[in-house]
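Chains: A, B, C, D and E, in written order; residue numbering restarts at 1 for each.
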Amino acid sequence: MSTSTGTNVPALRLSKIARRYGSRWALRGVSLELAPGETVAVVGHNGSGKSTLLRICCTALRPTAGEGWAYGWHLVHQAAEVRRLVAFFAHVPGLYEDLTAWENLRFAARMLDRPESEIEPLLQRVGLWEERQERVRGFSAGMQRRLALARLLLGRPRLLLLDEPYNNFDPAGIELVNDVVREVCERGGAAMIVVHDRRQGAAVAHRFVELADGRVLSDSVAVPEARAHSRAVAQRWF
Amino acid sequence: MRDVAIVTTESSIPSGSLHPAAFRSRGVEALGAVALVALVGAQLLAILVSPPDRDMGHLQKIMYVHVPAAWNAFVAFFVVAVSSLLYLWRRNERHDLLAASAAEVGAVLTGLTLVLGSIWGRPTWGVWWTWDPRLTSTAVLFLIFVGYLSLRAFVEDPERRAQWSAAVGLLGALNVPIVYMSVRWWRTLHQTQSSPSTVDPQYVLGLRANAIAFLLVLIYFVYKRYRAALLEREVERLNEIAALGNGGAHAR
Amino acid sequence: MGLRAELRRVGAVAWKDLTAERRSKAGFNAVVFLGLLILLLFGFALGPDAEALRNAAAGSLWLAILFAGVLAFNRSYQLELDGGALEPLLLYPGARWSLFVGKLLANLLFVLLVEAVVVPVAVILFQVRASDGWLPQVAVLLLGTVGFVALGTFYAAMASRSRAREVLLPLLLFPMLVPVLLAAAEASSALLAGDPMREAGAWIRLLVAFDAIFLAASVAAFEHVIEV
Amino acid sequence: MGLRAELRRVGAVAWKDLTAERRSKAGFNAVVFLGLLILLLFGFALGPDAEALRNAAAGSLWLAILFAGVLAFNRSYQLELDGGALEPLLLYPGARWSLFVGKLLANLLFVLLVEAVVVPVAVILFQVRASDGWLPQVAVLLLGTVGFVALGTFYAAMASRSRAREVLLPLLLFPMLVPVLLAAAEASSALLAGDPMREAGAWIRLLVAFDAIFLAASVAAFEHVIEV
Amino acid sequence: MSTSTGTNVPALRLSKIARRYGSRWALRGVSLELAPGETVAVVGHNGSGKSTLLRICCTALRPTAGEGWAYGWHLVHQAAEVRRLVAFFAHVPGLYEDLTAWENLRFAARMLDRPESEIEPLLQRVGLWEERQERVRGFSAGMQRRLALARLLLGRPRLLLLDEPYNNFDPAGIELVNDVVREVCERGGAAMIVVHDRRQGAAVAHRFVELADGRVLSDSVAVPEARAHSRAVAQRWF
């Protein structure tokens, strides 16, 4: 327990993580550290291993080699504890299409044992309150992503793992995602975001980690002027 | 009845389709009354006129429901086949609705045949059910249209539903003649079609009367279901016009 | 999490499965009709001879329930796979057995409902003399069903992760079930015959044993099967 | 497009289905095993009496083929649905019947292969006296299979896109098949008995008629089914 | 035939297109015209009907009301001809996961009856030549999108309908998509692209059409300076 409450514990620490699918190495020894309150944007060419990395951090995959800790909990041996702190936002929303938006969140609330009272504000926030009684099957791509985001927030995660979170979101939605990230970080959490468009990442990221062929190519502090600029652009365009 | 009024004033009803004015509820109810009277009359006639059967006794009266039900089930399925064909040809939603209504009623009648048949079979054959081709193929017929109806239940998109069930209905109706002929093809316990010559005229009279009465009932039910479906569609259409304003409300 | 929380999660999973099942109207009616259909086919395949029918009644009934049930189990995981919902489900904190038990309950209820319709029909179709001892018969049915559903839910979890889902499940499941079905069939036919040589009791005890073993084993093994 | 192009497309579709089937390893072997399994279950359900077995042989064999085939048909469309590949498939220019015929051929080959394994086993299991007239028997089997696969491929196209996939297909298919199977079973048992009253020929003609009707109807109707 | 060869025929003409799902109206009378050589970017909030619009244009959906023509061919009554000219790039790649990249394209080539010789250059172009013998199942999100793009090009479409085409693509991939669009337009084709980020759209679009609740809210010419600017940004960042 103590480990998870210590203040100097990194939100995420990966040492020489490697992962093989069949004969193909998706990750070849990735080490990085993520401090509480920090947001890192992971970039890299298609197939460079970003999604695999996030899957390992959220315990959905086991590394073939190497170890990792989230807030001091071991990603493999203490997966149960890790799952309490980590939230993974995947390429696919992963909702139940035959349930309504509300029912999907209520199910999540019970699984995470949160009070149902937390559902309404979340639905309001992601702008699906009117559609709460409709089947997810009929939702558009973006509406589904919004609902998935709400579910993710229901868990009050301390470590966000977002895989290309901006896909399918309209400008308002993109701002929503950014707010969520900033919020979690201000609460002392941390976030790892996969992006392809550095401009988008710059809006929230303090750091850019570039992957190439499963290795860390560069790990650079985001140019602050860039973030300011991207804000400006944002204002100009939206 | 204002909804019906709207229906009839609606100009965009494709030619060649049954005009909703034909389903003024008053007309339908009248038909219903007639059908009811006919049914009661025919049953009374059959029961009074026909003497108790030699070896079946009064049980034989079941025939006056069992057989007309079976025959009219065939009629209903014939309607399904024809309107399915019409749909595939004309792409007019009304044909699809008609097919659906007929299929529902047909399935019910087939069910009735099955139930009464097995009730009848208990005393006459000593069993509720036996694996006789006629019986089985009737049950199969029943299940085919159960399948038809469940297909309709599982498909939301109305156009897709219409096309698919038209195809299924058509193939399904192919089986009706097979059921009918099954008695000839497979030597069976169940008796074969008899011609009036082989049956005592009193039975023939009763059977004919009841067959007609059942036909009326069939028509009544089909119309009622069909009309209900039509009205639903009309309501949707009105919403459509409301939703689109006048722009682009000219549905294909 | 505490046991109470876990039980709430069991309820949530079961509720979710049943609702989705109800919503995709497919579920119940279709499965029931399928069961009837299979009975019909069997009866027809076995020909009109009443005696042969009566002997094969128990077997055919179980086969019909088997096929209907297998469909239900596959559906209960297909549900998770369709929207890629399995991954989030597995990433919820808390124990895994609650997921399994939840699905188990949902499937059990489902199969029992199906039986409620299929069994009476089978009795009529196969001209089974409904002997007065129908209560033990029901007990046998229930016991058999529990073992069946437990194993089915368990194997469906594995099959669903593989690529040959629909095929793999019956392949894994049926052989495992043979003992259960054997016991059930023997017990019920013994009971049907009025249990002349008092063997039904033994069969029933055997059934209970199977159920206990299968339940325990599957709950325990599930954690590992579903782990990642 | 010209007829030649369409035929190339037929080949492409069939090839694609068969390759994917081969790749997803489970596919074939699993289906075969399932067929055998079902035969075993039947034998088991029908009890030891050799005479009863022999009588039910044709029926049981067909049921086994039925269940195995239904799985295959569903898979052949599941394939399209998994990666959302159906939409692009339908958006290719050219006629739709070539898609259907392609899938039909793939399924036909698949089912025939399954039969190649299952039938001999059935002959042994059910102690069928392999009468010398086995060639007509094979003909009957082939004819029955063609009708079965044609209808199955057709209905699977709908069922797989409805919400009740696994359940809807057998529900639509089996009742339609009864006449075919009946004719096939009658024919083969007549042949087994040495065709005393020369009725086999009539049954076979009936089978041919069924096949012709079903093939024509399904190819014609497919255009409409797949249209939207 | 003549209709499709006429020069003054619009690449796409929609008049009062409306589409209903159950009781919900996704489109409520959309009319717009797209000239050959033109690229229009469709923007709009989540659930505004963009994907539905594209689906109707590629004949995957039928409009509940209204009509449309692609190069003079009626979208409903002449769907077969339309399908020869139109290519739709959906949210999901729609590939066969058990086939290799090469096999997927060969299948497409046969269906479109194109010579197999066209496959190699395409695979080279989308950068999957090395992976051509691998199952698509193992491809990353972006690799699958790249393959889908190659398949789409195989049909030599004259009207591109791209639904959020930039998702999952790395910067190089994004440029690839833009090149494809420009190329098709220079060949006298046209393109309709759904985007959420106007900056991305501005790189290729001549026009922006904004949808809201299934209606056209605005139809504006893209600010050229914006396009120049976005190029500049692109240079700065990649």
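What we mean here is this: a residue touches a chain if its C-beta (ideal position, glycine included) is under 8 Å from a C-beta of that chain, and two chains touch if they have at least 3 such contacts.
Given the structure is predicted, the values throughout are model-derived calculations rather than measurements.
Considering every other chain in turn, the ones in contact with both subunit B and subunit E prove to be D. For subunit A, the chain with the farthest CA centroid is B. Centre-to-centre, using mean CA coordinates, subunit A is 48 Å away from subunit D. Note on chain placement: the centre of subunit B and the centre of subunit D lie 31 Å apart, centres being C-alpha means.
In whole angstrom, the spacing between the mean C-alpha positions of subunit A and subunit E is 29.
Separation between the centroids of subunit A and subunit C, computed from CA atoms only, is 39 Å. Contacts with at least two other chains are made by residues 24, 162-164, 168, 171, 174-175, 178, 182, 228 of subunit D. Touching of two or more other chains is recorded for residues 136, 140, 143, 146-147, 150, 154, 159 of subunit B. Under the contact definition stated at the top, not a single residue of subunit A touches 2 or more other chains. Here the chains touching each other pair up as A-C, A-E, B-C, B-D, B-E, C-D, D-E. Every residue of subunit E that touches subunit A in the complex is listed here, in rising order: 21-22, 24, 43-47, 51, 91, 134, 138-143, 145-146, 164, 166-174, 196-200, 233, 237-238. Listing the residues of subunit B that touch subunit C in their complex gives 118, 127-132, 136, 139-140, 143, 146-147, 150, 153-154, 189. By the touch rule above, subunit D contacts subunit E in their complex via residues 1, 5, 8-9, 11-13, 15-16, 19-20, 23-24, 79, 82-94, 228.
Partner subunit D is touched in their complex by these residues of subunit E: 58-62, 80-81, 83-84, 86, 88, 90, 92-99, 103, 107-108, 110-113, 135-136, 151.
Contact residues on subunit E toward subunit B in their complex (touch as defined above): 15-18, 20, 22-23, 25, 28-29, 62, 64-66, 76.
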